[in-house]
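Each of the next two complexes has chain A plus one other chain: chain B in the first, chain C in the second.
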Partner chain A sequence: MSQLVNGHPAGGPTTGSRSGEVLRVNGLTVTYRSRGRPVPAVRRFELSVRPGEIVGLVGESGSGKSTALKAILGLNLGSETEVKADEILLDGLDLRTLSAEQARRIRGGQMSMIFQDPINSFNPSWTIGSQFRRVLALHRPDLSRSEYDDEIIRLLADVGIDGRGKLKSYPFQFSQGQLQRIMIAVACASKDLKVLLADEATTSLDVTIEAQVLELLRRLRRERNLAMVLVTHDLSVVAEMCDRVVVMYAGEVVEVANVYDLFERPQHPYTQQLLKAIPQFPHTGGRLYTMRGAVPRLDQPIAGCTFAPRCDRRLGSICDTVPPELRPTANDGGAVAACHLVGGAEPARKD
Partner chain B sequence: MTTSAPDPVAPLVSVRDLRTHFPVGGGLLNRLRGKRSVVYAVDGVSVDIMPRQTLAVIGESGSGKSTMGRTILRLIEPTAGTVHFDGKDITALSGEELRRERRRMQMIFQNPYSSVNRRYRLEDIISEPLRVHGIGDARSRKDRAAELLERVGLNADFLHRYPHEVSGGQLQRVGIARALATEPTFLVADEPTASLDVSVRAQVMNLLADLKSELGLTLMFISHDLAVVSYIADYIAVMYLGRIVEVGTKQALESAPQHPYTRTLFAAAPKPDPRQRRTEAAPLGEVPSAINRPTGCHYHPRCPLATEICRKEYPKLEWKTNRQQAACHAVPAVTPPPGATLQPVVQA
Partner chain C sequence: MADLWRRLTRRKLSLFSLIGALFFILLALIGPFFAPYGMADLGDDALAPPSAEHWMGTDSVGRDVFSRFLHGSRVSILVGFVAVGVAMVVGTLLGMIAGMAAGRFRDSVIMRFMDVILSFPLLVLVPVITGIIGQRELSLGPIPIGPEALVAAAIGIVLVPVFARVARASTMAEMREDYILAVRSIGGRGRDILFRNLLPNIAAPQVVQAAFGLAMAVTVESAVSFLGLGVQPPGASWGTMLADARQYLLLGAWWLVVFPSVAIALFVLVFNLLGDQLRDELDPRAKTSDVASDQRDGGDQRPESAAGPVAASVEASTR
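Right after this comes the complex of A and B.
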């Protein structure tokens, strides 16, 4: 079912399918503490990814997308931060029940993450070779120590970097684009890798380098059938790369749809307004559409829909008092949206 | 040229053969050995900006676009070349004279948080240029700060707040208000929306467009975001390794980019439409170092059209259509037609 033709799922989108998922998250909640007050940064989060599928996780700063991703991978979010979930399944394995040592083997073993800023993701005072060897020591029991350097050269060649004679180089001796590729090579070093999480992985790159890195990610998906979750605020990257999209606002999932439906028939007003706000190149027409207001603060409880104050299609008092649940939309394949306009008070508009 | 009323068609800013070179590797040992390399950050840029027009400067990291913007304002001293502002050569000014001219040219920075003093209230941030230039008294400066805040869409409640108490988008508005405090005619905006979310970016861009038309501002807008550039620019200059490789009207560049680098840059930008996924292979290579630049045309190692001459000779910036100039051996030049709307630009 995850057969890919030219990078697109062969069958129709199967958002609601429970079978063949490599990653499934349900009911994820992450609560930070700020000045003693709880800040629920992620609430009722859900995500499912099939092998070979690229899912985009989009939203503005503060929407909780990076936090959700880090919580899934079990990264340390601070001692006062509370992470709860009904379900975090990686290929059937319940990640909530792992010991610290087991979790460490999963991270970088079956599920890896790449970050926005490659220069800060490496230790500046260690050579690339020594940092790479540590990862192999942890995740490649099939290799003996003497085989490490050959394997590193091979993995680097796979991401388009000639590593010969460069293993003793330090991170600063590489360009940003090269470091991003090296980070991808490190993240994909394990043979068991199933899921690659990318947190704004191309945001700080120039467009020509971004295009190269995106092409590399597409090739990895094709060759290794990797599942990927791309966290980004750049909807152009989503359009370019993703099969399915999860839109977050103020800590919650507000819409899930396949990428074509999301761009052509967005159901949630936030998605609609976000798409309208993207400046086009070349620009035609007049002023840019702007969304009024700002992302709400999460340290105070919000009654009703978190997007209501900025919504162009607000229905009335129901939006201020009743939080909308995720419900199936008019889009195919189990697409959902959390809006009173959807599947409830009024049939969703289909253009 | 004198300082009297400028000719209506004369450029407000006229840059000629501007060069900004930074020596690097300046350790004592290297100096004794006479080994010092040079970063050719800006290397022979000539460009005119007409009054009330916006020149957008695009290019990748390391192209020298920010250094050029700062050198034009003399925040960085040029190595060579001249910048005429309203007819006056500001590269020859110093002391009080330079300070007086600086009132009329201001800068908006990329990162609002790192370009303000975090211990200042917004009122002090906005009125600082007035204090520096000795304009008005405490009372009038406060009024002016409130007026400027309103001008950028914030109310007077913000006067007493500190930078950490407002959002990134609001602080960028404060940065714009500060730049407007001395009533400048020329603004250099260096990636003013790069750190902002898409919804906030649109607000700031609309504000800049409004200010430009209402205050009659002349703008140099430095950005790598083509969509934002397309919204605000009248002219576009494309930089690569310290030089302008193509310059012309926005419409000309967008409809028919002439330089292969401009074409690559435009094609590389992902489009917000899943039905327009790129089908071509990603562009080759990376921007080379500005210390060891390739011989001849700096772009030749990445260029699909490169031939023998490109490896040997840097191409002249020539008219390729009647509305744009480019520096490329592979694209035939045209005779600049008399009705050309773009000011002729000379390249050394």
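Right after this comes the complex of A and C.
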């Protein structure tokens, strides 16, 4: 089966290695069903991550960041949720063609996820050691049962936790910061891990612990050449950690750019307004900028640009009627933005 | 676990129910060894009232009621435990499978089937099941299946939905927890989720349900046997003993009725109490009352204030 997948023209390993991407997602659409109505939580999502690269995924709450991440990992999002994609390539392997069993092996094997709330991400009824051993049993066939505990101690030491004598402790006996480190250790237990997805992994931590965890992630990237996708709504984390940034709004990618370009020359009005909303320090005494309105409801189709009602640079009727496509921007490195302002007068020619 | 034991033994009511439960379990396990006569030994002295020789008197054909009671208790209690055991294993498993696939086809099939069972009154369905399989000689390979096993199985089937529904509800709640998502994200198998992650976290309500189920199973067994559709003579159970006693009650043979009746009532009381106490201790939502009960227990040591005794009794009665 895996040979067949590798031989697939679109999913061949060459596709992945040629572009140097370890993860590539195209045309990902996730549709929930709410009271019989389809709610497209994620639309035409695209993402590409190179080995050793940290990509930030930012956007307001409800913009579909976490949903996109879970869909990429192939997590079941519920019986009524439909996930469609043109391609989800992990190191050249198209994850959509895998059987359930193969997809399960990928999770935690080549691609792992860490979550926002470490205390709830561990089963309260089992000790840390016992939960960790299960993960090793799943992803470390190279180890024998008797070697598990030594390996756990080693992996925990890697994330700065002295695990000796603590394997018999229950999750509630650790602090949030410790648990987040343990969760990272668990997620990185597999030897052929390529991509680490972090779903607001530092949101629930205080700033000093957050800095430590971010430093840990940076070190992991350096030492193991891990690619990471960091979902966050903290732009300072993005500025500090990421190489590239994907900005999402209402389930769609609105801008992709290098982190410097994004902060220096944001192209999409949403990105511009988002950056404007960051409180400046030292504070000038003026009123803070607030974006008016809220993320639109997605259970009804939106005719034009989803951001038009909140946009400070609205062009006119075109924004309400024609949905903008992702087009290359003035920024280099494959930067794109979905706005009629981007790409000059082209939108006028379109209809 | 030790903690649970400590908390259970601290309260008088739960201590009573624990001792009662232990008593009934011992009665079933070793009771018959203490029987002074054979279960079906006929004596000369029919319908004799309780005496030193026959502690619970004799029945219409002179059999020692005490000996029959000891044997019958084993049957009744064992049928209860086997039925609840069957129902708990099958029901929990079905409920968890349904709860994991909540809203999907598998869930609907399982739960509609449970609804079908539930739509019949307990006391109708059990005789129907035993009646269909019938009063024939059955055997599972070399092991003969007596009417007792048949009744246990029938009651077990009838109790399955009780456990399945509770298991499904708690499974659905647990499935929304982050750690299930985490297990999935790390590549956990379906059975990892089912047995390692869900089972320990939904076990508490199942245990509570088991205590109530035991009381229910024993009642149903007695009723069915009383109707002559359960345990068959010369076998004894609390239900058949009552059935035998029925026609002699008017002749003044009260001892035939009193002992099995008291046993049934006490059994139901003890296990319902135990279920209540377990629920109080195991239900996570009841955890908050821990603080209050700790304070109260501490309060017993304190010298009582002016309103002390009254306040204490009011507090006790509101429990």
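Note that in this section the second predicted complex is superposed on the first by the 324 of 351 C-alpha atoms of A that agree within 3 Å, B and C clash if a C-alpha of one lies under 4 Å from a C-alpha of the other, contacts with A are read in each partner's own complex, and residues count from 1 in each chain.
Keep in mind that, in the parts below, contacts are C-beta pairs under 8 Å (C-beta built on N, C-alpha and C of every residue); 3 or more make two chains touch, one makes a residue touch a chain.
Values in this document were obtained by computation on a predicted structure and should not be read as measured data.
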Query raised in the report: Does the chain A-based superposition show chain B and chain C clashing or fitting?
Result: fit
Query raised in the report: Touch check for A:134: first (chain B), second (chain C), both, or neither?
Result: second
Report task. Quick one: classify A:93 as touching chain B (first), chain C (second), both or neither. Result -> neither
Query raised in the report: Taking the superposition as given, does A:106 touch the first partner, chain B, the second, chain C, both, or neither?
Result: second
Query raised in the report: First (chain B), second (chain C), both or neither: which does A:73 touch?
Result: second
Report task. Identify which of chain B and chain C touches the larger number of residues of chain A. Result -> B
Report task. Identify the partner contact of A:125: answer first if only chain B is touched, second if only chain C is, both if each is, neither if none is. Result -> second
Report summary line: Smallest Cα to Cα distance in angstrom from chain B to chain C after superposition equals 6
Report summary line: After superposition on chain A, the chain A residues reached by both chain B and chain C are none
Report task. Write out the stretch or stretches of chain A touching chain C in their complex. Result -> 70, 73, 75-76, 78-80, 104-109, 112-113, 115, 117, 120-126, 134-135, 138-139, 183, 186-187
Report summary line: Listed in rising order, chain A residues that touch chain B in their complex are 60-61, 175-178, 206-212, 214-215, 233-237, 239-240, 242, 259-260, 263, 273-275, 277-283, 287-291, 294
Report summary line: Within the complex, chain A is touched by chain C residues 101-104, 177-179, 181-189, 192, 196-197, 200-201
Report task. Over in the complex, which chain B residues touch chain A? Could you list them? Result -> 60-61, 167-169, 197-203, 205-206, 209, 224-231, 254-255, 264-266, 268-278, 281-283, 286-287
